[in-house]
Amino acid sequence: MSAPTELFAAAASHTSTGEAFQFWVLGTVAVIGALCTILMKKAVHSALCLAGTMIILAVFYLANGAYFLGVVQIVVYTGAIMMLFLFVVMLVGVTAADSLKETIKGQRWWAAACGLGFGVLLIAGIGNASLKSFNGLGQANANGNVEGLATLIFTKYVFAFEITGALLITSAVGAMVLTHRERTERAKTQREMSEERVRGKHLPPLPAPGVYARHNAVDIAGLLPDGTPSELTVNQTLRARGQIRDVSSEALADLKALEQRSEERLGRDEEAVK
Amino acid sequence: MDNLIALLIAAPLLGAAVLLCGGRRLDGIGHWLGTLLAGASFVLGAVLFVDMLDRSAGHRTVTKHLFSWVPVEGFQADVGFQLDQLSMTFVLLITGVGTLIHIYSIGYMEHDENRRRFFGYLNLFLAAMLLLVLADNYLLLYVGWEGVGLASYLLIGFWQHKPSAATAAKKAFLVNRVGDMGLSIAIMVMFTTFGSFTFPAVLGGADGASSGRNTAIGLMLLLAACGKSAQVPLQSWLGDAMEGPTPVSALIHAATMVTAGVYLITRSGAVFNAVPDVQTVVVIVGGVTLLFGAIVGCAKDDIKKALAGSTMSQIGYMILATGLGPIGYAFAIMHLVTHGFFKAGLFLGAGSVMHGMNDEVDMRKYGGLRKYMPVTFVTFGLGYLAIIGFPGLSGFFSKDKIIEAAFAKGGTEGWILGAVTLLGAAITAYYMTRVMILTFFGEERWKHAKTPSPDQPSVEPAAETHGAHDEPHPHESPKSMTIPMIVLAFGSVFAGGIFGIGDRFVKWLEPITSFSHGDSPVGQWTVTAATIVCLLVGVGLAIAQYGRGPVPVVAPRGSLLTRAARRDLLQDDFNHVVLVRGGEHLTRSLVYLDHSLVDGVVNGTAASVGGLSGRLRKLQNGFARSYAVSMFGGAVVIIAATLLMRAV
Amino acid sequence: MNPVNYLYLAALLFTIGAAGVLIRRNAIVVFMCVELMLNACNLAFVCFSRLHGNLDGQVIAFFTMVVAAAEVVVGLAIIVSLFRSRHSASVDDASLMKL
Amino acid sequence: MSFPLLTATAALPALGAIATAAVPAARRTAAKWLALLVSVATLALAAIQLVRFEPGGDRYQLTESHAWIKDFGVRYELGVDGIGVALIGLTALLIPFIIAAGWHDADPLETNSSRWRPTQGFFALILAVEAMVVLSFEATDVFLFYILFEAMLIPMYFLIGGFGDRAHAQGDEAAATQRSYAAVKFLLYNLVGGLIMLAAVIGLYVVAGSFSLSEIAAARASGSLHMATNTERLLFLGFFFAFAVKAPLWPLHTWLPNAMGEATAPVAVLITAVVDKVGTFAMLRFCLQLFPEASKWATPVIVVLAVISIIYGALLAVGQRDIKRLVAYASISHFGFIIMGIFAMTSQGQSGATLYMINHGISTAALMLVAGFLISRRGSRLISDYGGVQKVAPVLAGTFLIGGLATLSLPGLAPFVSEFLVLVGTFSRYPVAGVIATLGIVLAALYVLVLYQRTMTGPVKAEVQGMPDLKVRELLVVAPLIALLIFLGVYPKPLTDIVNPAVRQTMSDVQKKDPNPVVEAAK
């Protein structure tokens, strides 16, 4: 945190060295985090990198005298929103890695060109503006940052604030409407379910997944005696997601190779013994 | 008194309005009403005439300003009338002959179910014609000018169910419109030259205007006169106009409307006097038409078309006379009046003959009718003698004067013109004698002709059929038809004498047209003698050709000239090939071009825009990320632009 | 150091986020990139607040966070329902807007 | 504040349109009567305007002015000069006749389809067009005018595309295709024109900083607003293009025959007699007032185009086989006269052009409406399908002939006065153009008389036999128009008195004087 003298200065042109140090170190990390966000193949990794960047931003908020926002950033953004992201990622499939190969012709080049141009323009614009000195928040934060914000929010920005409330409610309702699925039939009672179970095809528990001991993963179907995989052995959710690993040919081939190798080794061993 | 002038026009106009809007309930009295109003107009004219005679020669002109018609900055058109000696002459001729023909039509159109409409049109014609001669400015004259054209159109096409009549009406109107174009251009030139188009402004200012402008005005007025008066090269409509009912031919296409061109040139005399070159053109047009009409008249077998040729030729005389300048105007008008009498009489006679002959118009199927139609024969005969210029009858006085004036032109021109007019007189005598012989003398060829000839398709109007078609029963016409004929015959006989003896007519008109005695290289009596000789030669030739032997019912092939003359000297063929055919090709190709080229260019633009948008559509590939790129790119461009603007 | 550097950082992060939106196909990641852009803006606002010496910038940043929260809720809901119907979270698969 | 008469004149038909559209489906006749009543009431308001207008008074009278879009200086500014008030009178006059003539044109074909309400829509659209046209004649704010100029395309589009000739097999697929083609063509042509005009309107705002006609004109006159020559020319062209499409001037005319051919006769009248007049009116009001220098610069070319329009339109009319298309091409020829008169830059030409707009409206209405009655009887638009109608329906033929004679500018009927004024006005400045245009009167006679001859005269065709003559309703539509044609032909002074001062103003705007007569000048 900067020294009180600086905070109260009417106009200053430099921050403390500590803040500068902090900026350069954490800023670098933030940029790397941002880059990782867009370059990681897996959504989970992206989310984690983003969360890191956000925490760093929270630190920067604090450094800039926005104490309330800094805390909110951590609590609301990193704590709530990013977790929501992670939740959805889980729902969609954690392990699914995206292909980063571009499919739309010229998209990447255009994106690069626009991004580069945009960045250059922004930076040029900022550089062009004469922002040699700054006022600092000493006076504004004199009665405490939160109180200052509260005064503004509930006086000058009260309408915007109210409208944001309406927006939040609307979005909550909207999210419910979007994800809600209308039930078209009555929920089954436990009795009906058990009866169904008894009268259905599979009275015993469903077969477990996996073939042989080394392949007991949940996403690999178990093999029937004739060597074909059984869909029943895999969880419904995975089946719906299409995340079943096909073992029929691959696994069998592996198996064959394994047996062959072990035989060879055994044979060699026998030879050696001999 | 001058309020009567407006009333003069209002009477027939009222008749036209009542008769045309009145509907069927006026059918019973329509013809009486029409005739009454025409008569009223004549009475008013006569009252005005008497009033005019009371005043001295210099103060006879009466003007009446009615109301301001089109007042626009710098352009002042009024409805106003000018009644002077020239207009007076016309008023009396128009209303007089007009009333007679109204009476005649009562009988002639008796069986036509649309008689009321016919009288409405006749009244409309009278009103328009009176407006033409009474107007005190050219624009109002133009209204009358087109008004008579309309009336003529309606009356020629009165039997509209006959395609030939409808076509003839359209043709008449169109050819007239070409002339009207001339008149309207003339008025425009007048306006730009004099800033006005009233008679005083134009005629008084003509001396001060450049000869180029006077020439333009003169030539355009001549074009107008050619259209209305059926002069070469716009004469082709008059022959076809005979499709109309005969009273119409008598009134409009012989006595009054077709002479409007003569009126126009006489009225605009000051302009023509200022440019002798244009006068020469006028003379040439008159001379050519004179011979043209006469030759055509010789070859036609249709009695009305022969008379139409004659009309053309006689108007040629008048136009020629007007082209001679002040020396000729009075004689032109005098011939116009006498011609009005005898030609109307001749047409009415022809109508009477047709009335008695089941509407047969081919003279080759007449013959020997003098026994059956004595009144018609006598009146027609008097008209005949008048037109050929038989000494003592009206045609003699007027035509002889014109021939004299032609000689008086002087020099080579004078001799040529004199020769042409004399030749015309001879031919006139020839073809009129031919008409006379074929119709009233010789054997009764109609007794053999049971069916209408093939070249006259039998689409006779139902209303005009009197009895069975197979055998005509020539008979004299009813009183309502013969009385007008008799009156006109009186006119044909005596009018010339009344006008000509003592130069009464010339003096009467002198304040308007001025008059100059020319120096004729040949003596007055020599000319008269030469005229009579020519006349006798023409009559003799005709008698020699038609009077001695039987006349074939089917026309012989004839010489080349005869065949050409039958076809109006190929003028129609020329028109057909050049104007009609060419026009058809032009419009057809334009219709095609409009569709393919003009529309095509626009459609082509549309198609190329379509192609471009088709290509642009590929940008809309549906991938949200592509759209995001374009948005982002747009943002970049906007920021760049903003920064640039700042920098600048 | 001048606090303007924060602005440079914000610009950089924003650009990275924007590029991510354009490059990635996974809707969730795209969404994260949008969040990154919003955060970059917030950083800029906070910095402006400091430069100008008043709290308005922070208020705006606060509102941005609220809006971002609302947006995330709705957006993730859309992704979930999209995933349910198409078994995919790729934005390219939802290209029904073309003819 | 005095009663806003101008707003009322436009608002009444607008409200009437809404009310008509709201009439329940079953009360079709009530909707018709309501529309007729509203249009007659509008006519009364227009008549009050004419009475309260003082010819010798201010240039714009009965003005109203309210702020509208403050940020761009757009105002709701109304005012009429002599030309505007006369054209409002024409519009208000014609609409009742159009409504009465189209009385049965939009009856639904199946009586049982109770939910479909074409009748209400038809009459509501006509009233909507009236409201917009009237307001566009009143607008003295360029932006307001532009909006109306464009907005009137929408109801017109539906009128053309939605309602064809009943007799022409409404259910026919091919006819429907033709109709929608015509409607789209109409819309596209005019939209392109409007688009270019929009660019010019914006450009004008950038240059002048105001949309108010009177402000800009005053600034130009006082010299405080100077436009670079090229700027003025470009802006002029932008405005002129839009008006030339609407007017329509050769070679931008091709939408008119399609639109008039496919629309019902009353709608065709609405197009050519009312809506197209906005184009020529706007040339007088906006092109000449806002860009006098550029107008003078463009005059020779425009006069040449106008002469081409005259001759070309007439020649194509001669070649048509379809009655309505023939009238459309005749209208193109007449619009050539109007434009020529406007740009001849003489008092006679401009007075004539203004009178021509009114007279052409009445005469085309008379001819086209009678043609519509004829077509509805036989169910064909082809000239060759008729013949001998005069024999069976003499009144119809008579009114048709009078309409035709008015079209060919017969003296004694109203169009003659205006046509002659235009010709004289043009001739005094451009003699060659004047003479060539005079050829147009011969061609006009040709196409009118050929049309009359082929349809009305000759032997009665079998299909025409038993064709009923005009009914009372139809006669009531045509007779007043004919009476008006005759009255204005004989006594046009009331009109010229109103128009002359406005023309004088326009002439002083463009700083042109009439050429002096040669002889007087010599003296």
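By letter and in written order, the chains are A, B, C and D; residue numbering begins at 1 in each of them.
We adopt the following convention: contacts are C-beta pairs under 8 Å (C-beta built on N, C-alpha and C of every residue); 3 or more make two chains touch, one makes a residue touch a chain.
Listed by chain with UniProt protein names: A = NADH-quinone oxidoreductase subunit J; B = NADH-quinone oxidoreductase subunit L; C = NADH-quinone oxidoreductase subunit K; D = NADH-quinone oxidoreductase subunit M.
Keep in mind that this is a model prediction, so the values were computed, not measured.
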Self-check item: Labels of chains that are neighbours to chain A and to chain C
Solution: B
Quiz prompt | Farthest chain relative to chain C (centres taken as mean CA coordinates) | solution = B
Quiz item: How many Å are there between the centre of chain A and the centre of chain D, using C-alpha atoms for each centre?
Solution: 68
Quiz item: Using the average of all C-alpha atoms in each chain as its centre, how far is it in Å between chain C and chain D?
Solution: 57
Quiz item: Per the centroid of Cα atoms for each chain, what is the distance between chain B and chain C, given in Å?
Solution: 92
Self-check item: chain A and chain B, separation of their C-alpha mean positions in angstrom
Solution: 102
Practice problem: Return the residues of chain C touching two or more other chains; collapse runs of consecutive numbers into ranges. | Solution: 18, 22, 25, 92
Practice problem: Mark out which residues of chain D touch at least two other chains, giving numbers and ranges. | Solution: none
Quiz item: Can you list the chain A residues in contact with two or more other chains?
Solution: 104, 107, 110-111, 114-115, 118, 122
Exercise. Chain pairs that touch, all of them, please.
Key: A-B, A-C, B-C, B-D
Quiz prompt | Interface residues, chain B side, partner chain A - complex | solution = 621, 623, 625-626, 629, 632-633, 635-636, 639-640, 643, 646
Quiz item: In the complex of these two chains, what residues of chain C are touching chain B?
Solution: 18, 21-22, 25, 91-92, 94-99
Exercise. Provide the residue numbers of chain A that touch chain B in the complex, in ascending order.
Key: 104, 107, 110-111, 114-115, 117-118, 121-122, 124-125, 128
Self-check item: Residues on chain A engaged by chain C in the complex (per definition of touch)
Solution: 13-15, 17, 19-20, 23, 27, 30-31, 34-35, 37-38, 43, 46-47, 50, 53-54, 57, 60-61, 64-66, 68-69, 72-73, 76-77, 80-81, 84-85, 88-89, 91-92, 98, 100, 102-104, 107-108, 110-112, 114-115, 118-119, 122-123, 126, 131-132, 134-141, 145, 148-149, 152-153, 156-157, 160-161, 164, 167-168, 170-172, 174-176, 178-179, 240-242
Quiz item: So in the complex, which bits of chain B are touching chain C?
Solution: 617, 620-625, 628-629, 632
